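We just call them A, B and C in the order they show up, numbering each chain from 1.
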C-alpha cells in the first residue's frame, strides 16, 4: 500500500505526458485498460440492486467457480440507464469492454459461455467501450455511436458506470485529484474563488446562483470557523442524478468538496445525505476512509499546511431539508425548518458561522473546471449558462435514466433523440420538469434551448433536473394533484400560506378528479368555489411563503393552468378525464350478458346507484354513480366495465 | 428493561460530546439498534444532552426515519415517488392497506408487518418498486403484490 | 446608523440592522402580527406582517427583515391586503366556527384579524384536521382545533418558563403542538403556570373553567359557600370591567360577591399575613440552628411544581409552608365552622386567584385533609369578571364594602405578595422587627422595587445582615439557582415567583397582558402599601388576635398541623 500510495500521489501530480513509460503502464493497469484476467463489472448501484444485480453477481461467481475460471469481478456504478438494469460489462484481456443490459442471474451462464467462446450474443448488447490499445469486437456498436450516448456530453458522468467506485487507484489513474493538488499547491483561497467565478459555474440544484460569488461572500465574512456543506439530500422524487454520481464516482465528489472547502478557507466539510441512500453512504464512507489513509484528507494535507475534515451526516428524512437553511437546522440537531433569509448561510449558517451549501452535481463539476481551466468550461453550453446539466428522465419513456447535455440543448433532443421518446403508439403530451415544485412543459415548447433564463421567460423552471415524461395516457390534473399532495405532506408546516395553502390546493385538485358525491347540491358548489380560488391561492403562496418549498409549490398548478387549461375544463365541466386515467371520473356499466344478478355490487355500492332484481341483470344509474369502481372490483363475473 | 438501559448506555457512550448537533445521530443509532424510539430512550437522551424531552419528541416526529412503535417482523417499504405513483403505486398502497389493515407508519397488531411509504427509492426505471426487509420487488402489479404478501406470511409461519 | 425609509409615501428614519416592524412601530404605524412576540426570538412563521418592498420579488415579513439600506415600503397596498386576507382565510378554513361558544370570544386575535380584514364569507372550503381536546390538567384545557400554530406558547414555555412542556411535533398538515409522546398535559412536566394561555392568541389554550361548578353550589341549601380572593385579582379585574387599569376594586368585589350569593367573603392576603409570620419564624430558626440558607419561599405553586421536578435535591431549602390561599383555606375549613357555630352545614371553599397553578395545587394530596380537599374551587380573575357581568349588577351603583371578619388584612403586608418581591419585603419587615424591636422605615426597602426580574439587597437589622433576593420568571429563577449552586451568590432569603413580575402577571389574569398593563398592576399593589399605616403582618390586629386566641405561636402545633406541608420528587419526563 505504501508504495502504491506514493505512485498514486505522483500520478495525481503530473500531466500524463510527463509520465515515464513504466508509469504509463501502471496507469493503464490501474485504469483497467490492460488487464491480466477476464474482468466482469456489475452495476451495484441502487437501481442495479433493485433489478437483481446482486443475484447476478452471485451467478457470475458461481459460474466462475464451477468452471474454475479465474476472473476478476468488480462493482461499478450506473452508466445511467436505470431501466436497463442489471447492466454488466465484460472485458477480456486485450479486448474492449462490452456493456449488456438486463442481465438477470439466469442469463449469466449463456452470456458468459458465448463471450468466453469469443462470440457476442444477439440480445442485451448495449455497446462497446473503445480504449487505446484494445482490440474491438466485430459487429458491436461503439457506445459513442448509439443515440443514447452520441448526443450527450458526459463530463461529470464521464466515469460513472465505467470505473470501480471503491477504487481510488482507478480514479487517480484516470486523472483524479490532479485538480485538488493543483488547487492547494498553486492557488490562494481567493484565486480559486475567482477562477470558479470566472468559469461561470452556476448552482446545479435549481436556482442557478453563481457558485463563485456565493463562495466569495463566505470567504469575505470574517470568522473563526467556516463550513462547507454538500447538499446530497436530493429530495425530489424522480431525481436521481446526485445518487448516481455518488454511487458511481464518489471520489469526484470528494475532490470537488475539497476544492470548494479550500476556496472558502474552511477546514470542516459535511455531506448531508438522505439516510435512505445506503449504497451511496457506503461508497462515500469508504472513499473518505481511503482518502484519510492516503493523506488526502486530514491535517496538513501533503505538507501543504492545509487541513480538511469531511464527515457524513445522514438526513433523517424530510424533503424540506434539501432547503439550505432547513438543512443547517437539521445539522444543528433541530427540526428541519427553514428560516428567513437574510441572513444568508454564506454569512451566518451552521452554528452561526459562514457556511456554503452546494449541490452534489455543482461540486462534482469542480475537478474538471480546475483541471482544464475556466475557458474550457465556458466553451461548453451557452454564454450565460456554461457547462452541462444532468437530467434524470422517467415516466412514459422508452428508457429511464440520466442524460448529461450542454446547457442550451432542447427538450426535444433530450427526450426524443436521446431517450427515444414515448412508448410505441403513444403520443407525447407534456414534460414535467423539476419535480413536485416544477412545471409542466407543453409539446409546443420542446424546442426551446434549456437554460435558466429561457425557462424563466416562459414561466417555467429547471429545478434540479428531473424530467417526468407524460404521454396521452397521463392525466395533467391527476399529476398536478399528486404533486400538491406530496408538497402538503412535505411542507414543514411553519408558515400559513404553505401549510394550509398546499392542503387546500391539494383538496381542490383532488376534487376535480372525482365525481362529486351529490351532483346537485353542496359538494358541487364547494368544488366549484375551490376551483375559483386556485389562482389566488397560488399567487398568495408564492408571494408570502417563507421558503422555496411554499413559493414553488404552486408551480405545477400555475404552469398547467397556463398551458393545459382545457384539461381542467374537461374535468370540471364535462366530468371527463381526457386521458381516461382519473378512475373516479369514469362511467361504469354492467354488461347485460355477463351479469348473473348476484346483487353483490348493489350491496357494496356506496352511492346506492345500482338497481335491479335478483337473478336478473342489474344496471347502474349514471346520475347517482360517483365512479368509485367498487362494483367493478367486487363483481365475480367481470360484468362491470367502464367507458 | 435492564437490558434496554444497558444498550442505550452503550450508544450514549459513543457520543461523549454533549452537544445538540449529536441529537440526530444519537436518535439514528437508537432507531437502528431497537427499530424504534422508546420512552426510556427519549428520557436518557434528554438527560445526556440536557435537552427537554419535548424537543426530542418534536424533532423525531418531524423526520420520517424515526418511529415510536416497534417495526414489524417484515418492514415493507413502498415507493410512491413520481414514477412509481404514475405506474400504480397508489393502487398498491390501497391494496396493502386492505391486506394488512395498516397505514403508512403503522405496524400490524400481531407485529408481523409494518409499512413505510417513501418517495423514490432509486429505481424509477423499474417502477413500481417495493422492498420488504431490504429485498426488492420491482414492476409489481396488484396481483403480484397479493402473492408476495401471501408468500411472506407463509414464510413467517414456518 | 440612520437610514431613510419611504413608507406609504412618507419618509421615516430607521436604524440599520433593526427590523422593518420595529421601525414602523416606532413611528406609530401598525402592521398586524401573530407570531412575533416582544423579547422572544423571532420566528417569521405567520406571514401576517408582510409588506411590499420595492425591488423585492416576493412580499417581505416585516417582523424579521433587517434593514440594510434605504427602502421603499408599502404596508397596505392591495397586494399586501389580499395576501393577509387570504392567509387569514386559510387559517379559518381549518378552524371551527365556534366563536359563540368560545372562551376567547371577544379577546381573540384571530377573531379581530378576521374582523379587521373584513372577512365575510368562507371562500376557501376544506376539511378540518381532527383533534382531541385535552382536559387532563386541572388548570389548562388544550383544544388543538383552535390552534393556529403561531408557536407563542412553545416559546414562552421554553424561553421564559424554562419548562418546555410543549413543542411543535410532526410536520406539514399534521403539524401540532404537543407534549413529549403526546402525553396528556397533566402527565407532562407542565407546571400549570398558565403563561402559555395568556400568550395564546386564540382559544386553543384556555383555563380549566370551574365557574359553572360554582353555580351548582352557590344557592344550594345546606351549603355555606365561602370565598377568598387575592390582592392581584383586586387590582387587575378592573381591566375587564371597563375601569381604568390599576383601579383597586376590593370594596366593589366584596359587595358583588355578597350579592352574588357567597355567604362569606374573605381575603387571601390574610393567609399571606400568617404565612409571613410563620416564614419569619422559620427563617429565624434556620439561621439560629446554622442550617443551610437561603430559605426559599413556597407561596407560588407553579414554582413548587417546578422544583419538585427539576430540583429534588434542593427541596429541603424550600419553606415548608403552604400557599396563602391554602393557609387561609385550612383555617376556613377547620376553624371557621366551629367559630361560626354553623356545624352541620357543608362548607364550599372557593378561591379567586390570579393563578392557574392554584387550580392544580388544590388537587394535591397534600392539600387534602381526611380525603377532603381544603379548597373546592379555584376561579381566576377572568372567571370573576365573567361572574360579575353575569350578576347583572351595575357596579357604579354599588358602595364599596369591607370583607368579612376575621379573615381579612387591615394592613398591606399580605397584599404585597401580589407583586414579585413583595413577599420577601413583607417577610423581612417582620424579621427586622423581631430582631431589632423596631419597625423598618418603609422607604428603606423601596430600592427593592425596581423593575427587574432579579433583585437583591442587603438589609442590616442591628448587627445581622439579611441578604434578600427575589426572582420572577422561571427561566430567570433557574439561572439564579444555578449561580447559587455554583457558589457564585449567597442569599439568606429568596423569593421565587414563577410568573414574570409575579402574580400581577399570573396565568389567570386579564388578556392581553401587555407590559404597560403589568406595570400598572404592580404599581396598584404598591399603592395599596403606600396608602396604609400598617405595613407589617405582625402589626395587623386581626393577625395578633388569631395568634392569641387560636394558634398561640408561630411554628406552634396548630400552625404545623394546618399550614405546613411536604414536597416530593416528581417523576415525569422532563
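In this section, a contact is a pair of C-beta atoms (placed from the backbone, for glycine too) under 8 Å apart; a residue touches a chain by one contact, two chains touch by 3 or more.
Only a predicted model underlies this, so the values are computations on that prediction, with no experimental measurement involved.
Colleague: Take each protein chain as a node, join two nodes whenever their chains touch, and name the resulting shape: line, ring, star, complete or other.
Modeller: Topology of touching chains reads as complete, every chain touching all others.
Colleague: For the chain pairs B-C and A-C, which is connected through the larger number of C-beta pairs in contact?
Modeller: A-C
Colleague: Distance from the CA centroid of chain A to that of chain B, rounded to the nearest Å?
Modeller: 23
Colleague: As a quick test, compute the distance in whole Å between the mean CA positions of chain A and chain C.
Modeller: 55
Colleague: Using mean CA coordinates as chain centres, what's the gap between chain B and chain C in Å?
Modeller: About 44 Å separates the centre of chain B from that of chain C.
Colleague: Out of chain B, which residues touch more than one other chain, so two or more?
Modeller: Where chain B meets two or more other chains at a single residue, that happens at 58, 62.
Colleague: What residues in chain A touch two or more of the other chains?
Modeller: 318, 335, 492
Colleague: Two or more other chains in contact with one residue: find those residues in chain C.
Modeller: 168, 170-171
Colleague: Under the stated contact criterion, what part of chain C meets chain B in this complex?
Modeller: On the chain C side, the touching residues are 158, 163-171, 178-182, 188-189, 573-574.
Colleague: Would you tell me which residues of chain C are touching chain A in their complex?
Modeller: The contact residues of chain C facing chain A are 42-48, 50, 58-59, 61, 64-66, 68, 79, 82-83, 86-87, 90-91, 93-94, 123-127, 148-149, 168, 170-175.
Colleague: Quick check on the complex: what are the chain B residues that touch chain C?
Modeller: Per the touch definition, chain B meets chain C at residues 39, 42-43, 46-47, 52-58, 61-62, 68.
Colleague: Show which residues of chain A lie in contact with chain C when the two form their complex.
Modeller: Of all residues in chain A, those touching chain C are 318, 320, 335, 339-340, 342-343, 488-497, 499-504, 507, 526, 529-530, 533, 536-537, 540, 542-546, 551.
Colleague: In the complex of these two chains, what residues of chain A are touching chain B?
Modeller: 45-47, 49-52, 81-85, 235-240, 243, 275-277, 313-314, 316-319, 330-337, 351, 392, 394-396, 399-401, 432, 435-436, 466, 468, 474, 479, 482-483, 486, 492
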